[in-house]
Each structure stands twice: as structure tokens, then as C-alpha cells.
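Once you scroll down, you'll see the structures, which are given as C-alpha cells.
In the two complexes below, chain A is the common chain; its partner is chain B in one and chain C in the other.
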Partner chain A sequence: INSTHFSIDLMEEGLQSMLKRLLPTVDGLQCILVCDRDGVIIVEVHTDDLPPAIVKPIFMGTFAIASEQASKLGVGKNSSVISYYSGHQVIQCNYLPLVLTFVAKVDANTGMLFALEEDLRDSVNQLRDLIGVS
Partner chain B sequence: FTFGANSPNYCIVNSSIMEGQLESQVTEISQTPGIVGVICTDKQGLSLAAQGTLKSSAAGIVAGLASQANSLKMGTGDDDKPTVVVEFDTGNIMIKSQERSTLAVHKV
Partner chain C sequence: MLKPKALTRVLEQANTGGIHCTLLLNQEGSLMAFAGRSEKKEHVTAAIAANIWMSYEKNSRVAIDDKSLELIVLNCEDGRVLIKKVASLLLCIYAQSSVGLGLLKAKSEVLAGYLETPLTQIVSTT
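Moving on, here comes the complex of A and B:
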């Protein structure tokens, strides 16, 4: 158990620095975070211009419910949800019990954010497996 | 309309569906000799149509490259957007954006 917790700390630090390095690679990207299904943030990086009201557990926690409902539409398991608002876009990716979230300006390149998600896939899956063990 | 049913490039395009006209144009381009991939994306980097070697997953990068090149602002006006050419040993990918969409073509 102790070694697993140590691995989680290492993993989080490694993931945080990776996210910090990837944050400026897409124009308009303001926040990358990993949270659990209830919206409790595990790892987060954000720019200074991110409005703090966006990153709230109640907002992040709705994805798990929405994704489970979307998976019942009969076209397979829901992998991601993109939400466009007037000033921002939020992309939430299903790694339940983890959720990978990108928050960006509304005119940011959504396709590039999905390309970024592919780069993070292995790391988030590793984190999910570690949390599953503990 | 159909292309020769016995040809290796046989396909059916239903022009009555919403994206039928776009799909038929992309199909026509992809059937040009030397063209092995075509993708059309919107401004947000989401794929509108993709065929051949250029998959939907490339949409964001294609739109991003066009956008970054345009930010150099070397053109004579807002309508003068650059054509980006990515050269490989095996061929080129040419990317051209208009006001609301970006088209990329993979030519060998």
C-alpha cells in the first residue's frame, strides 16, 4: 500500500509537469484537469486568464451522469462530450472513474485538443489503473 | 451517382443527404491521379469530410497548421491566405484554407 501511494505521488507530479508543458501548445487552451466522477480535482493546470467559476466540482461532476446517459443511446460507449458556451468550450473525456477535461476559449482549435487528448491517453490510463489498485 | 461499378474506385454518393454535395466533391478530388487523401475541416478543426490517407483524426492538426501559417500575415489582404505544403519523401500534403473551412490534399 505504501509503495502504491508513493507511485501515485510520483505519477501525479509527472502528470502535472506534463500537463504544464502541454498547456501552451494549443492557442486558447486555458485549463487541463483530471478529476474523479464527482468532480474532485486530482491534477490541474491552468492559465492566469481562466475564470475561476468554471472549474467547480458541481460542473465537473455532471459529466459522469451525462456520459452514462449518452452511453444508453444505443451507439456505443460515450467517449467524450464537447460543450460550446458563449465564451468558452469544455471538452470532457471519459476515463471513468476519471474525467479528463480541457477548458479553452470558444474559438480554440477543438480538433487539436482531441489530438492532445491522444497524447495524454496513456498517462491518464496509468493514473486510472493506479487509483484502481489503491 | 456511381462510378464504374467494376472499378477499384467504385463508390456510391447519395447527393440528397445533407453533406452529399461536399462528399461528392471530396470524392471527385480523391479520384484525381496522384491524390491519395483528402480532408475538409471547419475553423474549429473538426472534420467535415475525409477520404483516403487523411483521416478525421488529422483535422485538428490540418486546421492548426493553416491557422498558424495565416498568422504570419504575409498576404496582401484578409482574403490572401497562404497555401501550406508539407513535404515528405513519399509525397506532399497541401493545405489551403478559406474563410470557414480548410482543405488538405495528400499527393504522392
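Moving on, here comes the complex of A and C:
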């Protein structure tokens, strides 16, 4: 158990550095975070202009239930949800029990944000597998 | 007065290029109009889509200063579903995965723009 926890800590540190490195690569990207299904943050990086309330668990935790319901719409399992607001867009990707979230300004390039998701896929999957084992 | 056939014909115009069907529903999940390939599950779809919208709208009020949820896109293995607010109703569009996100958004904006004024008038008189 101790070695698994040590591995999870190392994994989180590695992921945190990777998120820090990727954050400035897309114009308008304000936050990248990994949280659990209830919205509790595991790893997070953000810019100074991010409204702090966006990363509240009550909002981040919406995805898990919405994703499960979306999987019943008859178009297969839900992989991500994009929600657009007047000033922001929030992309949440299904790695349940983990959720990978990008918060960006509404005019940020959504395609590039999904490209970032591909870059992070292996690392988030590894973290998910580690957490599943512990 | 709302002309159901005319409304269905308007919604049908979106059903090209990989878009399966278009629904108009109220925020309680009741189906108002439907255009496309019927699989007899439209009422279930309407209820689920409305529920997802309401969850995001309610929970984002405390989190996002913008206060207005405008659009949700659900990306799934076999397709995409877009939900957009029109007047006080919801427009829901089902598309294949091959339909680009930009095109889907553009279609929804044109359709919503066209329906906004007449639906607002109807909602305000009821």
C-alpha cells in the first residue's frame, strides 16, 4: 500500500509539471485540472485570471452524472462534454472515476484543447490505473 | 399560434450532412417537436437532454460569473448531441461523429436564430 501511495504522489507530481508546461500552449486556456467524480481536485494548474469559483466541486461534479445520462442517449458511451457560456468554455473528458477538465475563454480554440487531451491521455490513464489499484 | 407542421419542416432543414434528427423540447423535458429518423425513443431523449441541461445550468450559476449557459455538446462513441437554448425552450440536435463540431454549432446557431423571435412571441403570449 505504501509503495502504491508513493507511486501516486510521484505520478501526481509528474502530471502537475506536465500540466504547467501545457497550460500556456493554447491561447485563452485558463485552467487544466484532474478531479474525481465528485469534483474533488487531484491535480490543477491555472492562470491568474481564472475566476476561482469555476473549480468548485459543485460544478466540477456535474460531469459524472451528466456523462452517465448522456451514455443513455443512444449514441454510445459519452467521452466528453463541452459547455459554452458567454465568456468561457469548459471541456470535461471522461476518465471516470477521474475527470480531465479544461477551462478556457469562449474564443479559445476548442480543437487545440482536444489535441491537448490526446497529449495527456496516457498520463491520466496511468493515474487512473494507479488509483484503481490502491 | 404555433403551427406544428411548419415547425417540423423548419427543424427538418437541419437534418442533412450527417445530422440524424432535431428536437425541440421544453426545460421540463417534454417534447414539443421532432424531425428526423424516428426510433420511438424521442421522449426519453428529450427528458435526458433537459435533465443534463438543467444540471449544468443550476450548478454553473454558483461557479461562473457569466450566468448564462448557452450550449452543451455531448461527444459520444457513436455520435454527438448538441443542446442549445432557444427562447425558453431547448433545441437538441443528434449528429454522427463525422460531423464537425464547428458545423454542428453553426447549424444550431442559424436554426436557433431563426426560431428565437417566433418562439419568444409564443412563449410570452401563453
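Quick note on the criterion: the second predicted complex is superposed on the first by the 134 of 134 C-alpha atoms of A that agree within 3 Å, B and C clash if a C-alpha of one lies under 4 Å from a C-alpha of the other, contacts with A are read in each partner's own complex, and residues count from 1 in each chain.
We adopt the following convention: a residue touches a chain if its C-beta (ideal position, glycine included) is under 8 Å from a C-beta of that chain, and two chains touch if they have at least 3 such contacts.
Keep in mind that this is a model prediction, so the values were computed, not measured.
Set side by side, chain B and chain C differ in how many residues of chain A they touch, and the one touching more is C. In the superposed model, A:70 makes contact with chain C only, not with chain B. Of the two partner chains placed by the overlay, only chain C lies in contact with A:62; chain B stays clear of it.
Of the two partner chains placed around the shared chain by superposition, neither chain B nor chain C is touched by A:40. Of the two partner chains placed by superposition, chain B and chain C are both touched by A:110. In the superposition on chain A, contact is made by A:53 with chain C only, not with chain B.
In the superposition on chain A, A:81 makes contact with chain C only, while chain B stays out of contact range. Looking at chain A, you'll find residues 110-111 touch chain B in one structure and chain C in the other. Residues 51, 53-56, 58-59, 61-62, 65-66, 69-88, 110-111 of chain A touch chain C in their complex. Listed in rising order, the residues of chain A touching chain B in the complex are 26-27, 107-115, 118. Per the touch definition, chain B reaches chain A in the complex via residues 41, 43-47, 57, 59-64, 67. Considering their complex, residues 39, 41, 44-45, 48-49, 51-52, 55-56, 59-60, 62-81, 94, 101 of chain C touch chain A.
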